[in-house]
Amino acid sequence: MAKIFVAELIEGEPVTAFFLAKQIQVRPRKRGDPFATLTLADRTGELPAVMWEGAGDATSDLAEGDIVKVQGVLGSYQGTPQFTVGRLRKALPEEVELDDYLPRSEKDPQVLLAELKAVVDSLKEPHLQRLLQGLLADPEILQAWSQAPAAKGIHHAVLGGLLEHTVSVVGLCRLLADYYPAVDRDVLVAAAILHDLGKIRELTWDRVFDYTDAGRLLGHITLGTLLVEARIRAIPEFPEALAQRLLHCIVSHHGELEWGSPKRPKTLEAIVLHYAEDLDGKVNAFVNFVKSSPDPRRPGWTQYNRSLDRYLFFGGREDAVPSGEPPAGSEDAA
Amino acid sequence: MAKIFVAELIEGEPVTAFFLAKQIQVRPRKRGDPFATLTLADRTGELPAVMWEGAGDATSDLAEGDIVKVQGVLGSYQGTPQFTVGRLRKALPEEVELDDYLPRSEKDPQVLLAELKAVVDSLKEPHLQRLLQGLLADPEILQAWSQAPAAKGIHHAVLGGLLEHTVSVVGLCRLLADYYPAVDRDVLVAAAILHDLGKIRELTWDRVFDYTDAGRLLGHITLGTLLVEARIRAIPEFPEALAQRLLHCIVSHHGELEWGSPKRPKTLEAIVLHYAEDLDGKVNAFVNFVKSSPDPRRPGWTQYNRSLDRYLFFGGREDAVPSGEPPAGSEDAA
Amino acid sequence: MAKIFVAELIEGEPVTAFFLAKQIQVRPRKRGDPFATLTLADRTGELPAVMWEGAGDATSDLAEGDIVKVQGVLGSYQGTPQFTVGRLRKALPEEVELDDYLPRSEKDPQVLLAELKAVVDSLKEPHLQRLLQGLLADPEILQAWSQAPAAKGIHHAVLGGLLEHTVSVVGLCRLLADYYPAVDRDVLVAAAILHDLGKIRELTWDRVFDYTDAGRLLGHITLGTLLVEARIRAIPEFPEALAQRLLHCIVSHHGELEWGSPKRPKTLEAIVLHYAEDLDGKVNAFVNFVKSSPDPRRPGWTQYNRSLDRYLFFGGREDAVPSGEPPAGSEDAA
Amino acid sequence: MAKIFVAELIEGEPVTAFFLAKQIQVRPRKRGDPFATLTLADRTGELPAVMWEGAGDATSDLAEGDIVKVQGVLGSYQGTPQFTVGRLRKALPEEVELDDYLPRSEKDPQVLLAELKAVVDSLKEPHLQRLLQGLLADPEILQAWSQAPAAKGIHHAVLGGLLEHTVSVVGLCRLLADYYPAVDRDVLVAAAILHDLGKIRELTWDRVFDYTDAGRLLGHITLGTLLVEARIRAIPEFPEALAQRLLHCIVSHHGELEWGSPKRPKTLEAIVLHYAEDLDGKVNAFVNFVKSSPDPRRPGWTQYNRSLDRYLFFGGREDAVPSGEPPAGSEDAA
Amino acid sequence: MAKIFVAELIEGEPVTAFFLAKQIQVRPRKRGDPFATLTLADRTGELPAVMWEGAGDATSDLAEGDIVKVQGVLGSYQGTPQFTVGRLRKALPEEVELDDYLPRSEKDPQVLLAELKAVVDSLKEPHLQRLLQGLLADPEILQAWSQAPAAKGIHHAVLGGLLEHTVSVVGLCRLLADYYPAVDRDVLVAAAILHDLGKIRELTWDRVFDYTDAGRLLGHITLGTLLVEARIRAIPEFPEALAQRLLHCIVSHHGELEWGSPKRPKTLEAIVLHYAEDLDGKVNAFVNFVKSSPDPRRPGWTQYNRSLDRYLFFGGREDAVPSGEPPAGSEDAA
Amino acid sequence: MAKIFVAELIEGEPVTAFFLAKQIQVRPRKRGDPFATLTLADRTGELPAVMWEGAGDATSDLAEGDIVKVQGVLGSYQGTPQFTVGRLRKALPEEVELDDYLPRSEKDPQVLLAELKAVVDSLKEPHLQRLLQGLLADPEILQAWSQAPAAKGIHHAVLGGLLEHTVSVVGLCRLLADYYPAVDRDVLVAAAILHDLGKIRELTWDRVFDYTDAGRLLGHITLGTLLVEARIRAIPEFPEALAQRLLHCIVSHHGELEWGSPKRPKTLEAIVLHYAEDLDGKVNAFVNFVKSSPDPRRPGWTQYNRSLDRYLFFGGREDAVPSGEPPAGSEDAA
């Protein structure tokens, strides 16, 4: 049965389909069974849903994050769509193609990996090049790198997110190496490629995004350092000082001890990498939050952004919307 | 009399010359007059000096920062040069050309101003362009901008330093506006040009670099905001929202309240400006500190850097010295 | 139709009346329409309300903060009054007198403005006096000053709150200028009058209390500095040093960088103003919180106060209630 | 032999006199004995001194803070007075009247104590009155209170400083109790009188100002609480709640845990006391620092103030000097 | 009527019983009365409950923490037990034995007190011994000590908790005194016994665990210091220095000002006591949290621990469960 | 020539000997050569020295930390010994036995290593035992471990200090594992042995104690993790979870991010290790500081301790000196 996606549902038309069940709440009623409210999701979006009958039994073996098979119909409630569930059961493993459910970066990982390979081919320092070519030729690493998210959070995490973030930081670092000639370009670029590689061992992405035990106990900075150092040791005559400068960039890229780096940046490349990574993350967070969370009652402003602890302003522009968005609705933002 | 510069003094050859007297210390002896140790400086460098006879009278009306006329001879002491002063008096105003004494940026301010003008001419938003063209056509502003240092500190401050810093941040912001299409290029570039303009009213540079009263009481963020806002008010139909977005960038460019910004960045341009300014300052501080303060006993490392609270590492490179330096001495840094 | 106020409603008697609709929540039921719970408010108080039928349609175009026309009756629920709404629609602009809905300071703004004028007339420094007389003669300023709240928060904000706070701080500063003869009385008093004036441009109070865009982007310290400085520039021969000392008080009145002042107080008047404003705010917050939020289960204590992060104690007194309250109920507080 | 004071010494006239020896440094010379530099002080001021011959032996049994008998003559060195010591020995106890050496508040302690007594007599709450009258009738307490400094620091500490500070805070609290009628006047005034009483057990002032062992181990907040609580226990039927409210003011008067109060202020009186004490201290520190430490090179500004971590500005005034100072020299401060 | 405990209820069997009513919420329904949800508790556990009819009247005079008499029956809801209440009223004082309702330490207070007495008897310093023997012979102290909880929090607080915590810290301090011979054993042990004694005056435990007024206003550190100091004063010739060293340990045992100690530890005994108390608290918190709050979806991990601000890991062990637990269920934790 | 030690010098008796030259300062004189002051040291102590003639030439090729051959004689100056140097030259490598110059722990490293081996032999978990036995059988590790200091600081660092600290923490952890049965003894003991092992790669101790480049760039936590993880990988079937728990203890042993741990402790063993290491360090710092830095003017108190930011108190005891010290001088400390 072809997967029917959230974005394809038609109001009033009964369907049988598979979704990821996020947030399940069962609530009491005085008479009869409890009812349930759920969020149904797949990679195209998510939808509030309600199940009025049989919800107690149907949900008793469910955990949040399970894929479920539902029968029901899309209606609307208070002007927003709501799915009413008639029947529901846990999906069988063979019914599920995980890629249908987890959000995925819009960028093609093969294209991104090809970009990285081209960057690596352009390096002049032979040991760094050999190290990176080795990683990019390792099927296990490639597989993880093209799948891993960049973070656990439901909202900011997508399959392929780590690779997308990495390529964006690498691009910025190449610009900065051009702008500041004192920078050792090859070390900065290599460090940009490797700085978050430990996340492939810090996170899992097979059902929902979460931390591994090693991720919680050691963290991606230490896991990445262990991974890269072992690779370096396997390359004959890798210069000791070069290894230390590269590992230092990984170790210090959070910039301050209280942000999880056991050492603060002490080389020019480590300083530049820290700023590049931080800025790139902030720009992407801004652009995504403006898209996902404008304040409907206040043109030009977003809702409150918890991680930045402030409201963000995107209004007062002639174009009125961040680039890439259709200009419709720009009247509101004046 | 042609100025004789510190860098031109020849050991053993008596001279009469003018220098800026930085750091004057008069010390007791049991018999006879006290003696004095001084630092003599001009824009080419500085030199320890000692005055054995008549130092009490000669220095009684001197303040640090005064220009003095000295008779004496360059000797050496413990392997480093030392100037022995025979006679010394305060210079007369007509004997002094201030530019000879204060360090000056290596960049030509006229070239930098021309760069800024070209950038302004390329802007598309007409009000911002008019605002900036007005400033760049104002002789008083131009005069101050081509002279002002970027900071008070003896070490990091040079005549023309503000302009040099501004042009560097503007260049970086233009790159970032290209890299991140969601950024409003004209607002970011205009804000980069104006962000530290208040420093022309925060600092003095006529004798030594220091703060004005207004600088200490109000600070360059408020002074710059007052200056720019008054100019905006004088431009007919300058859009209110555009004015707020521009002033917001100035107000928030230190990034956090505890660093002196009364508001934190809330627009994409303000966020990018803050990172660009911070990164540019850090890179320049790194490069200058590596030049000025390598640790003579520890190849590849600098002395302790107070403002960053760490030692910096520039070693372990094949080229061994930050770009722009002659490779001599690179053996030490291996 | 004369406004019927919340405080005048009689249990069991059907009415048609206008209220401000704060907090609107629409909730699902299995069968039939959703129902709505609301808070109805005007300047005399507020009241929980419920609408069982037709709530979906009636509330679909409502935003929190709208004035609504309702038909219904006051009942009681669990021992507290509850209003049951039969019909509800948005009020027309011509049906609404805003002053009826927003809470207002108990003090008469005309009396407070007269107090300020008397204080200004008593100043001896002619430029400060002229500056302040100019502001107090400007109808737009007067209008805003007599209306503006002192803060956005629903609980602590009232129409006229800014003026009430200002007059209270001015009174305290006059006492302190008497007690500490080293204080420059005229500068302190003028600064006390002006310190929060920027709030008339930081806040809106036409429907609910909120921040303006300029308020969020620049803040009342910068907005007030811009406003006052422009006025100073318009007064011939206003002494530069006097202007700086006055503006410094405005700029530094939050006391510390992390509380939003870009400079910390450096003059005696700025130090005293900061303490006076802070103390006056704390005393008023204490007195109001004791009135509004005593802990019903714990005599002498308030509920938890979020902004002070503690419980407050007003018990253990013979009079047992803060002054101004009737002594009734004092048994509880023993 | 009548004490000859520092302020009475005449240049060129040999004297034999007693001084407190602060800061003694003995320095080597190649040949002959070492020489010594000292600071000689008494309650009228202090003076740099030097001893060229016999300094080694003469100072071998001296500790800083000792009173010494010296023979010598006042000269001048580099434009500032310097005392040259010919002979020097430790003074005998019977030769010394301690009051001659330690600085003392300009206020007469008997007058201040009389003020406190009048305030206590005006209280209406009988238990508080009895507590305070008891303290003011206790010779040991009175003796300590009229002598104790308010702090250890050489610069801000004077004999009688605790009493002077106390009376100043009491006066301010009485004003504040008038201004804020919700305040319980008697509790606030009593707490103001007692808040720093623990300092009579925290500090010593018999030779130099220093901490007692109990002062370092327990601190004046705990010592004062112990002292006052023991007195309260001795008064029959002292109301428990009143005792707690009073002790709470003492315990919390530093305002925040990190400033040494184990509880933060939770009553209106404790809040007001904290602000009053803090403001009074800041105003006095400002006025004293302006007197003692103007920046000779920068009119209107003080030198850097370590405890406030800033420069202070007293210029830009028509009167140009803090009240109480003669107007001479006001030209500098313009 | 014998108390029927939560742990003894049998599903489907109607009972009449007494419970402590924690968390009472009354909720509206469109028609008919509101219904109520409650948590019923006694020392054996707690249980969610619901009352559908007559809940409005029945709960109108109830406060959380009251003991109630209920008629009803245990059912199950969504797989977890739920008690349905038919009738409910407040219990009469004579119907209640408080010990049945509040949780109690599993350790017998008489055994713990005997342990303390043995420790005291082993001390060699006679004054400390006399002080402690006096306390352990005081019936009022003994009564409070064997009942007081160690904290207010519902979860971590049990009757007898203070004594249990004290004995555990004393045991650890005895080990540490053996390990570090520089420690003054008697002072450390005495301080360990007394460090939290002030909690018997800071907390109440007669109905629910809460703070006394004195507890909120003065805190257990100050209350304990007052209590112990008064006892010391009553012992003739108690050495002053010994008293100060002992009181210093009490005053400083929180380690830092911001954790509520007005002085930081300055003696070896105070340093060791602070670590011992902190470590003992952390170990017990860890062990208890692992028992009470394992994450059901993640073997080896607990749920999020708020006070430590992290997840805790107890997995990856062969025995898989903290010592003392039966090994059943260890399969999950692999 | 047998080494003559600092502690063996006899006043007035000319010697030729070798010392480590710490702190060399050359100072000007008006006529003739400069003179030099030095600190001469070896493992038995240190001594101030002065060189009056020929100091300029003799010291021109010296760096602090060099071993020098001197001719001279011990005199005394101001009551303290001073060595007068007549001739001085840098020692030849073949003249120097490094062990004579660097301070060394009083404990015999072979005894300490034997203790560790016994502890390892007692472990029950076979993989941990194998890991540790491997390390203790590796000559390179053993060599480093018996030499490495625990810190760079001249005062707290001694050859063998790392091993002494390790054994002390291991002993304490064994006690704590006995006291808290929930602790996994083998993991805690193994982690205690390994927690600071990275210091053998972070520090150098061949001339003076200093950081290696890797030490500054990566730090001992990361270096230790790399070292131990590589060893674990070489042991077949080392359980993954066990490896993570052990490495987690190393990674988190500083306790907080801002103290340099990239993860905070999440297992019981990691929590206990952190406290044990911290407490053991504090106790040793206290005992050493009391020995090295008593305040000569204030019995019972030390001088100001920078790292703890306080004065320490060891007085008020009957024995008056920390255990192990002779009781002489105890009168002062009463």
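To keep things simple, chains are lettered A, B, C, D, E and F as they appear, and every chain counts its residues starting from 1.
Here is the rule we go by: a residue touches a chain if its C-beta (ideal position, glycine included) is under 8 Å from a C-beta of that chain, and two chains touch if they have at least 3 such contacts.
Note that the structure is a prediction, hence the values are computed from the model and not measured.
Asks: Which chains, if any, touch subunit B and subunit E both?
Replies: In this structure, the chains that contact subunit E and also subunit B are A, C, D, F.
Asks: Hey, which chain ends up farthest from subunit D, C-alpha centres compared?
Replies: A
Asks: Regarding the subunit A and subunit E pair, does the interface count as same (over half of residue numbers shared) or different (under half shared)?
Replies: The interface of subunit A with subunit E is built from mostly unshared positions.
Asks: Quick check: how many Å separate the C-alpha centres of subunit D and subunit E?
Replies: 46
Asks: Approximately how many whole Å separate the CA-defined centres of subunit B and subunit F?
Replies: Centre separation, subunit B to subunit F: 43 Å.
Asks: Scan subunit A for residues touching two or more other chains and write them down.
Replies: As it turns out, subunit A has residues touching two or more other chains at 213, 216-217, 241, 244-245, 248, 266-267, 311, 313, 315-316.
Asks: For this structure, enumerate the chain pairs that meet the touch criterion.
Replies: A-B, A-C, A-E, A-F, B-C, B-D, B-F, C-D, C-E, D-E, D-F, E-F
Asks: Which positions of subunit D touch subunit B when the two form their complex?
Replies: 29, 35, 50, 52, 77-79, 297, 300-301, 311, 313, 315-316
Asks: Could you please specify the touching residues of subunit F with respect to subunit E in the complex?
Replies: Per the touch definition, subunit F meets subunit E at residues 171-172, 175-176, 179-184, 239, 241-242, 244-245, 248, 264, 266-268, 271-272, 275, 278-279, 282-283, 286-287, 310-317, 322-324, 334.
Asks: Mind pulling up the subunit A residues that touch subunit F in the complex?
Replies: 213-214, 216-219, 221-222, 225-226, 229-230, 233, 241, 244-245, 247-248, 251, 257-263, 266-267
Asks: Of all residues in subunit E, which touch subunit C in the complex?
Replies: By the definition above, subunit E touches subunit C via 26, 28, 30, 34, 56, 60, 63, 213, 216-217.
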